[in-house]
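Step one of this worksheet: look at the structure below.
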Amino acid sequence: VVIDAIFGSGLTRQPEGLPADAIRAINDSDSLVISVDVPSGLPGEDCCGFDRSVIIRADYTLAIEFPRLSFFFAENHIHTGRWSVVPIGLHQAAIEGTDTPYLFSGINSVAPMLRRRTTFEHKGDFGHALLVAGSQGKIGAAILAGKAVLRSGAGLLTCHIPGMGAQAMHAALPEAMVSCERSDRVVSEIPDPSGFKAVGIGPGLGTEQATLLALENFLKKNRQRVVIDADAINLISANRKLLDKLPDSAVLTPHPGEFARLAGESSNGFERLRKQVAFSQKHNCVIVLKGAYTSVSTPEGKVFFNSTGNPGMATAGSGDVLTGVILGLLAQGYSPENAAVSGVFLHGLAGDIAADKNCMESMIASDITDNLHAAYTKIHEQLL
Amino acid sequence: VVIDAIFGSGLTRQPEGLPADAIRAINDSDSLVISVDVPSGLPGEDCCGFDRSVIIRADYTLAIEFPRLSFFFAENHIHTGRWSVVPIGLHQAAIEGTDTPYLFSGINSVAPMLRRRTTFEHKGDFGHALLVAGSQGKIGAAILAGKAVLRSGAGLLTCHIPGMGAQAMHAALPEAMVSCERSDRVVSEIPDPSGFKAVGIGPGLGTEQATLLALENFLKKNRQRVVIDADAINLISANRKLLDKLPDSAVLTPHPGEFARLAGESSNGFERLRKQVAFSQKHNCVIVLKGAYTSVSTPEGKVFFNSTGNPGMATAGSGDVLTGVILGLLAQGYSPENAAVSGVFLHGLAGDIAADKNCMESMIASDITDNLHAAYTKIHEQLL
Amino acid sequence: VVIDAIFGSGLTRQPEGLPADAIRAINDSDSLVISVDVPSGLPGEDCCGFDRSVIIRADYTLAIEFPRLSFFFAENHIHTGRWSVVPIGLHQAAIEGTDTPYLFSGINSVAPMLRRRTTFEHKGDFGHALLVAGSQGKIGAAILAGKAVLRSGAGLLTCHIPGMGAQAMHAALPEAMVSCERSDRVVSEIPDPSGFKAVGIGPGLGTEQATLLALENFLKKNRQRVVIDADAINLISANRKLLDKLPDSAVLTPHPGEFARLAGESSNGFERLRKQVAFSQKHNCVIVLKGAYTSVSTPEGKVFFNSTGNPGMATAGSGDVLTGVILGLLAQGYSPENAAVSGVFLHGLAGDIAADKNCMESMIASDITDNLHAAYTKIHEQLL
Amino acid sequence: VVIDAIFGSGLTRQPEGLPADAIRAINDSDSLVISVDVPSGLPGEDCCGFDRSVIIRADYTLAIEFPRLSFFFAENHIHTGRWSVVPIGLHQAAIEGTDTPYLFSGINSVAPMLRRRTTFEHKGDFGHALLVAGSQGKIGAAILAGKAVLRSGAGLLTCHIPGMGAQAMHAALPEAMVSCERSDRVVSEIPDPSGFKAVGIGPGLGTEQATLLALENFLKKNRQRVVIDADAINLISANRKLLDKLPDSAVLTPHPGEFARLAGESSNGFERLRKQVAFSQKHNCVIVLKGAYTSVSTPEGKVFFNSTGNPGMATAGSGDVLTGVILGLLAQGYSPENAAVSGVFLHGLAGDIAADKNCMESMIASDITDNLHAAYTKIHEQLL
């Protein structure tokens, strides 16, 4: 076992000479390597242009008090290995006084965001959500997202889906109302959003011309909170003038491929993060960039990295469930920022609980939804 | 902590002078306030015209032996906060001797209403229920209500629904028989009720003209027990002559919005309660006014406030499940009053058990049905 | 408490004088009455013409070593109350030496009937069952029966149902193959039975002319084991020449109403039992007369009364599940007698387990199927 | 009890004289017979032409260190009875040094084959599987296989099925995308495989001409890993030139009947094994011959006998689930050999866990899929 504590963080250039040789020697050895605070040679933020051979490749990293930004990028995983945070009792005020746009959202920061229910509240108080989803062969995405809307607490749900999917939706989720499309294959019109508290668009939607027109018409008249996912993002990427029609603080939930279509390719995680922040600020929207440590960027330039989730969630429909959770929270009156941050956290925590009960290989997206209740319960218990 | 025991109940006018100043001072303070018996200044019944600033705003109220009527109205929740009943050993005969039309239904009063099954009883002895429900996009309501009919104990169930919904119903609830509408979209005829023990009408029904005609024809010839919900109530509200066609002790289950369409707007809970009692008496029906402390009024002028339920039940389809439970009890031969009172209690208790297992945010209507068995079991255990 | 041990069994005429007065006095009292062996005055078999006022009305009866035949008839329930058997150590050989056609099937007699599986057996060894069921609006009956076929151990299942029901069947029971009817509404042809090990006909079938013709054609060419239920029984009752086409030891599973159509009305349980035995002998079939203490009669004149089951099973679809269980056992090669006796026992035991987990009111037919595994396990444990 | 240790293994001809008489005497007795290492007189491999009367018929066999090849053949089950392996501490190197193509796959050999998930892996890293399955009345096979694909860990799944089955698939497995056939009844075209990581073909497919043409066209252009089952095997058997179009190391999963159509009839297990090995070598494919001790043969001539599974898995759809598991593993990048060996092991282990929870009679194929997570967990625990 090698304990690596050669350098702390804050490097602006790479080590040379003896320290560089030491790093290379450690990397060439077969030892188990544990880095303390930061793998030696790894910058705290931007690693662009760094020679990877002179950055420690740890098996584990024990970050002191909080992780570095660079830990959240896939390309640095070979340096950090698995990492965890070790609190050492730094003065809380000192931590909070540190002025950083980067936040690591944990159970303590999410718990106060959750809305509590009171005795006389009724169905209408928890909001009527509209979900626009599905196309021929992709009705399942609407079912997955819809169930997550209701299991995250919305009061009512209307699913606007192609007509052919209504019976499957009724059988699988009788709690949902269905607004039947005139088209049997794709969404070609979107109901007037004014009667709804929030709208989710995208899961399984497809990118046909008719759907694009429906999306355009919808965005022109819509004034409600929205969460936009999957093919709805792809339609916007291919028709960029739609970006100007988004309501304030629209929540977009791209995976890295969809994000690249939206904001351009990035050569590494740090560059992608900068593009994400710039996009959120320029277009006044919340971007939920999905992946390990999902990052949520806000119009004000803040970024929340998520602490929950596991690679068992890299499974078909997992993103549809996340869209449903965020829509369910928006319908209940959460701010877009809070809906995104706490929705991502809940989704990941439910996935972690599902992985404990099942196992990562066997998890499917429905398992995440089925454990949302346990995730809520765990967060509520934190507040006791 | 302030313990508020300034005034008991029975006020007919508001306090003035020093006591009023004390109440205002307590309300302006940040203290945790616990009222004993009644928040000072809160009348026991009608609060109309009272200045709210001279009524204590308690965090908790400990009602002595029984709650006051005013505790059941939403507008007084800011005064009572969460409340519970503290028994202090008042002589039972004294309580029962009190002549009041207002009853608070708990497990002890509901348990004796339940029908017990005996060895040689068969399917026919538990009644054949007819459920008339659903329209295009709202077949789920029929599935939810139907499952609750069978899970509350009816012997047989026929669901009359638009044709398009039959396959979803079969897949989701194979125990139900389906009577297929000639129309694929809406209910436009209702089967002859004479072969059934009880009929439930309304969940997801829609308010089209064809459905109105079907309802009219049905009410003209029907002699069976009925429970009427949702759009069937709305159709009656818009066609008030139908009120005269209701069978004796028809059970109507409006939420406050539907009740306002039926009996007029109310400016507060006390006024609404008086309208509810008057309506029950005038039209010889049982009104189940849904909400926190759901009130069941009878043609004789009695009102039962329900003690079970929680705001997690403010979710899509929860009312459909209640309609199903009441229909299931009517089919088993319960009187309309008992079906309504014990149905509301069972539904709320099942919801409380579901909230314990899941959590309020994640509950969906199916969870209530899935816990009816646990609610029954809890009540049966009370009798041991 | 009155302990009634005035008379033992074996009465051929009713008591008179003092004993009769004593019986009347006990019946008029409010005492809890416990009869030992037999309620005084109750004949062991035929009660026809007896004055019921001079037969004890017990709350409980403790039968010594075995119950009397009369205990199994509904009209005597007011005399026996709840009863149970008290073994007192009579010599086993003496019991077995008693020559009676009446048997009370319990776990000890059923356990040896069950087939055990061995290492190299494959799907074909457990039989391919054909289920002919369903009509418009009654596809659920096919789903319920089909699931029970597979859960009771058949190797393969083909469901011949009207075309409209295929998707519901696939969604609810993907393990079943569907043979689609040319008619969308009713069964109008039945596949060649020669490729199947056993055939079940009846659940939800309807009684249309086309179905009658299909049944006729089927019975003409069929040589396989069959179980016949519900509307297939009704069709046979209305077309009695079909009785001659039944294969040897066909199993028929009527409820009392269907049995009356088949074999005529009976004024009491004893008369119905005699008709059941006569019918089995005359038509060379096994009759499963459903109810409390379901009786299975054989062509040889034996009758097996069942010891499992509860009134929670008096629910829609419970009979469809029983048909499925018996079909599943026939497919596995059980003799018709054993399939009927052990199928009825398994079905009742699964229902008892379901009632323990749920409660009688909330049980639905699917719960019985879902607990077949627990019933099998309980019987297997008996053999350890 | 007779302990049989007359002969060890390695016999090349049958015993005569006194030993033969002893064997016959033991076989004629009623004693419980336990053979040590090998039932006396049973050859280790080929039993062809042996007189079965001079081979011990044991109730149990305790194999020393490893089982003989002959134990895996159904015709020898009457000789071995139930058998298990008793490790006696033979030097591991000696065992591994033994040069045999026959391997007995257990948890220790399978555990290292499993792929572990790492933090930054996403949906695409676990592969997009294409399942081609179903025909009119056999859509359920596609649902069963599809669920197993996702529950064994594939990242994405597209099911190409006849159009009529889409709604059942969506309701039962919303995580799957559906590629709708132009034909409503059968598969008549197969999507371009180039966008997928692996392809599974066969469950419920039928053998119509249109499907044959689709299969031919597919095999001509396909370069991806495939698993071929059921009717796809039957189509290849009837059109043998298709064998030349199979990609390298295609996995075929016949049951004995399908294997006979593919490679000819065999008169016993040993002959069938030799045909299996020869077929794998000649056609460069992996053959999974399903049954007790499922054997997996590879193009290199190795054979893996499986140690998990039970006769409760001899139930409709069990093979569809296996196809799904192997497809799921291929999509995740497992080699065909590892996908077949570990897929068969996982499937059997999940079945064993399901049989423990349910019981062999009541198990249905879905129960296997529902316990894949427990099988994975058990294997992972082995590595701790």
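Order of writing sets the chain letters: A, B, C and D. Residues in each chain are counted from 1.
We take it that a residue touches a chain if its C-beta (ideal position, glycine included) is under 8 Å from a C-beta of that chain, and two chains touch if they have at least 3 such contacts.
Every value quoted in this text rests on a predicted model; they were computed, and no experiment measured them.
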| item | value |
| --- | --- |
| Interface residue overlap between copies chain C and chain D, same or different (over half shared) | different |
| Most remote chain, CA-based centroid, reference being chain D | B |
| Copies chain A and chain B - rotation angle from C-alpha fit, nearest 5 degrees | 90 |
| Centroid spacing, where centroids are CA-atom means, of chain A and chain D in whole angstrom | 40 |
| Computed distance of Cα centres, chain D from chain B, in Å | 57 |
| Where chain D touches two or more other chains, by residue | 167-168, 171 |
| Complex interface listing, chain A residues touching chain D | 74, 77, 82, 136-141, 143-144, 164-165, 167-168, 171-172, 204, 255-256, 291-292, 310-312, 314-318, 357-366 |
| Contact set on chain B toward chain C in their complex | 114, 117-123, 125-126, 150-157, 166-171, 173-180, 372-373, 376-377, 380 |
